[in-house]
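Some structures are shown below for you to check.
Shared between the two complexes below is subunit A, which pairs with subunit B and subunit C, respectively.
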Partner chain A sequence: MLRAAPKTAGEYVPLVGLRDVAVDYGALRVLQPTDLTIAEGEFLTILGPSGSGKTTILKLIGGFLSPSAGQVSFKAADITGLPPERRPFNTVFQDYALFPHMSVAENVAYSLRVKGASRSERLDEARKALELVGLAGFGDRKVAQLSGGQQQRVALARAIVAKPSLILLDEPLSALDAALRHQMQSFLKSIQRQLGTTFVFVTHDQQEALAMSDRIVVMNVGRIVQIGSPAEIYNDPFNAFVATFIGRNNLLPATPLPEHRDRFTTEIGVVQARSGEAAGVDADCQLAIRPECISVRRRGLELASEQKNRIEGVVREVAFAGTHYGYRVAAGARCTVTLECSGRHNETDGPLSVGEDVEMSFDPQDTRIIRT
Partner chain B sequence: MSARHILTYLVAILPLGLFIGYPLGALLWSSVSTSNEGAVTYTLAFLAEALSSPAYLAVLGVTLVICIATAIISVAIALPMALFVWSRPARYQPIALLVLILPMFMSYIVKIYTMRSLLGLNGFFNQLLLTTGIVDKPTTLFLFNRGSILATFVVLYIPFAALPIYLSLERVPANFVLAGRDLGASYARALKDIVLPLASPGIVAAALFAFILALGDFVTPQMVGGPSGMTFGRIVWSQFGLAFNYSLGAALGIVLLVVTVAALAGSGLASRALTARMGR
Partner chain C sequence: MSASRMNVAFGAVFTGAVMLLYLPILTVALYAFFPVERGSIDLSAPTLGYFADLAGNVSVLEALANSGLAALLSSLLSLVVATLYAAYLREKSGPFKVAFEALIYAPFFLPPIVVGLSLLLASASSGIPRGVATIVLGHSLFTLAVVYRIISVRLANLPPSLVQASADLGASRLQTIRFVTIPHLMSAYVAAGLLAALLSFDETLITALVAGDTTTLPLRLWAMMRVGFSPSINALVVVVVGICLVLSLAAFATLSRETRPA
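Then we have the complex of A and B:
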């Protein structure tokens, strides 16, 4: 079962490519002309809200859908017109699509049966695959006797048993409860590392995408918006959609001050942005600052460090979230800033309450300018 | 048990007893009794005759062959039709299903006459053969024989076979074919390995519907079967409607009932065996 060692970082071998691929349903264009290259051995996540075209891309790779334009390639070969049964890819479906009239082992070994493998070989491979997903000894059970998490593992075993070049996962964790979902995230990731197989994972859950992926493809309304590592996507969102869809963000309409480098006029006053952020920005834009990057103190108390951006405000909402307190603070005339403070920080002077006057500050290095 | 419970049971059981239990009892009673000017005598002679007469048994054999053939051909035609409806997009399925079962809502007699006009001496097939010059005078090949009974049965009972097949297909998730193909099976292979085993209860029910409906039918054989198309249903009817021998008619009716019940029991076993076998 164990195959070639996972590709080392930096080794980038294209496996599957989409070239100018577009999909129309009648007059409706659900996927704008799109280019995407998937590298061998990577864990690629396609992230987007419903209707963003992420499942469309999965279907194109799997061969369940023919593009209206463009080309799908595998290594050097054009596979645009190839039906799913002739593509060396297997899929873990959202609802698992396990066959209820077959036992667990028969489900897992179905692709080998289709290929004409002998019964003993099928049983042997099914046993190995089930062992790998932690379901040793479950082969003779009926699918209906398994829990959701176990069915999920059977679906994965069925997808890996024939050693495909690529595994497609269509929101496989969405039916599981939160605790099991977290467990399955690290499990899927470890299986992927162990096998070295390319995983293409579709989800609408940004936390899932950040936790599991080597690269994330962010999609919105039928287009790829940004491609990058989880850290790149989180730290340098390309536009307002990415900035607010992945993690939370305060977006403030901003106008550059012509005579000052990196300074912007906003509703909460003049803000010093990260150096270089203003380069090439001459019109209105948005200034993004993550809630966890803002420090807050009761007005009158000393701030931990002298920071450039200081804003006064009044606490409007307090929400305890276990690891931190979430506050919504009114600042300026029409502006509300969302911020998060860890519980530890609040041990010194206690959590804030609604109506308190506060002073917020943030480091210019934590700001991003989003061009609109 | 409260009065309400008793009432509930009465509402449930009374019609059952009245409309099924009573006629069944009457049939049984008629088959073992005969009345002569008010004097009732009990005898097993009629049942014995129904079970031992070579003439009746021969007709029973022919009838079973026709009915089994009806079941097989109806399913063979209804299955692709039901699969076609099932594989349409969800929003077109209700209308496609309606077209499939529309003949169910048409008069039985009209359909039989339509078959006669297709199969008869001046019917469509004869006209076709005459026009194309294959025959020079109308042939009686099509009407008033066992073949014409079979053809009419099939036409009549296809919708009754298609409906249960479609209903069992409807319970098979649409992405199972896709999942099978994803795992390397061709469309036909995925149908055979995944869809048909899961739909097999409906397929067995379809065969059973066609078989039982054909078995009891005495009008169709009379209308399109002619003298050579004698079936068991016709014999039963003739004892009641022509010979006024209710006792023999009832005894023959019981034979028909036993065959039907046996077919029902057999189909239950077949259904389970089929699902298990096809999954291997």
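Then we have the complex of A and C:
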């Protein structure tokens, strides 16, 4: 049942495609016409807030929902009208949807049973799948006897036992506590690598998406906003929504200075952006600076390194977050800047406190221009 | 009044009510196991003789067989019809569903004499001879309310994701019904079937009107009591109460296991 993962990095074989697919509920269009291609062997995450249409896409692929327009394809075949039972995809449901009247092994072997596999084959495959998900010896248990994390693993074993071409995961980690969620993230990722099966993972948790995915599809109000690798999405957000939904960001309304190509006037003064970024920007826009890209020091201390963007401010809030301190600093007339200082590498000579006068600085390279 | 006095008062009322209800039955049961000499009970000579008399009474045995057959067939018929109704009405809503369900529940709440007379007229005008068949139809009609209620509630509790998961894993609609829906309904079937059998077993009034020449155990008991009291009547009461007790305990045990949160 183990399938090797011969895919080399960069090899891109389309497996499932959505072409101009739209979904209406009555007069309400919940999914705008959408194109999406899922490559064989990739871990693709569909990320968005609730109501963004991410679960709608999952249901379209799984066959639980028919599109109002457009086409769903598998390899070269049109599967738009095909019911779920005839698609070579399996789903891990948000509530796991394990059959309560069956044992763990019977649950896992369900897809083999409906195909008419013999009892010994079923038991054998179920045992192998349970071993793979780390539940060897749990086959005879009742589902109700398992913890949430174990039920999650059974749901995964049930989905992989029939060797589907693609596995759909509908926010499977949302019911788990934080520690278990982290553990399951790396576990899911390692299973996916081991099997080489395509995973389509739906979540509203940006941290989960960044940690697990080969590619992320960011959605908002029924549209795909951006598709890219986690690093691309994080470092080059397409618009203000992506910039603030994935990780945190300071967004400054900005107006380009006509005579300086990379310089902008903002509420906190003139800011220099990454050179080359500003080409073609001649209207008002926003500048995005990540909290961890801003360094801070007590006013009056010597600068450790000369940086171009320097802003004075007053500390308004201090929050200790274990790995770092989070500060909210008032700057300019109405602007509050959020920034993070790791405990070890800060330049502040000890944590700041509320009311202190500080000077912040950031590298132009870390300043992104968001077109509005 | 203090809380403890309240408890004592409630306890007294509860005990009184239970005694009032069950003492007569206990007395009858007592009389079934001990001989009565000149109006007083002889506790020194317990006997199963009255039950032996019953076992030798062909008409009582025949009535028992009829009652059992009617209970079995009417509860099975109820289960099948209630399942079809529940499956059909599951997707429906609005006034149509309310009206349909009212029709299902009505025979249970209408006076039995009305239901019995209607069935009598129906069997007369349709030419169906009165007997076990009409008893089974009559009993199904009013047990359907209880059976439908239990099954439809259980069916409504079937998580849609289980049906989706089954389809997702490759099961056809029939396979989903066989492997997921029916196992989900099984405990409801057991509880509803036992309750229906119980209701059928001790039903008297409707039965009396549609039975024709056929006799069931309650009808036989009724007939014996009209002739005059005999010790075997006490024994027969014990048999009827015993069967009802077992059926109802089994039904409620299944129901309470079923409704316990997972």
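Points to keep in mind about this one:
Simple rule for what comes next: the second predicted complex is superposed on the first by the 368 of 372 C-alpha atoms of A that agree within 3 Å, B and C clash if a C-alpha of one lies under 4 Å from a C-alpha of the other, contacts with A are read in each partner's own complex, and residues count from 1 in each chain.
Simple rule for what comes next: contacts are C-beta pairs under 8 Å (C-beta built on N, C-alpha and C of every residue); 3 or more make two chains touch, one makes a residue touch a chain.
Given the structure is predicted, the values throughout are model-derived calculations rather than measurements.
For the composite obtained by superposing both complexes on subunit A, the positions of subunit B and subunit C are in clash.
In the superposed model, A:A231 lies in contact with neither subunit B nor subunit C.
Within the superposed three-chain model, A:A144 lies in touch with subunit C and out of touch with subunit B [touch as defined at top].
Contact with both subunit B and subunit C is seen for A:A162 once the two complexes are overlaid on the shared chain. In the superposed model, A:K115 lies in contact with both subunit B and subunit C. Legend: residue contacts after superposition of the two complexes on their common chain; A:H101 is shown touching both subunit B and subunit C. Touch criterion not met for A:V354: it reaches neither subunit B nor subunit C. In the superposition on chain A, A:N90 contacts both subunit B and subunit C.
Counting contacts as defined above, subunit A residues 62, 64, 83-85, 89-91, 93, 95, 97, 99-102, 110-111, 113-115, 158, 162 meet subunit B in one complex and subunit C in the other. Every residue of subunit A that touches subunit C in the complex is listed here, in rising order: 62, 64, 83-86, 89-91, 93-95, 97-102, 110-111, 113-115, 144, 158, 162.
Contacts from subunit A toward subunit B in the complex involve residues 62, 64, 83-85, 89-91, 93, 95, 97, 99-102, 106, 110-111, 113-115, 158, 162. Subunit C contributes residues 159, 161-162, 164-172, 175, 179-180, 183-184, 186, 262 to its touches with subunit A in the complex. On the subunit B side of its complex with subunit A, the touching residues are 173, 175-176, 178-186, 189, 193-194, 197-198, 275-276, 278-280.
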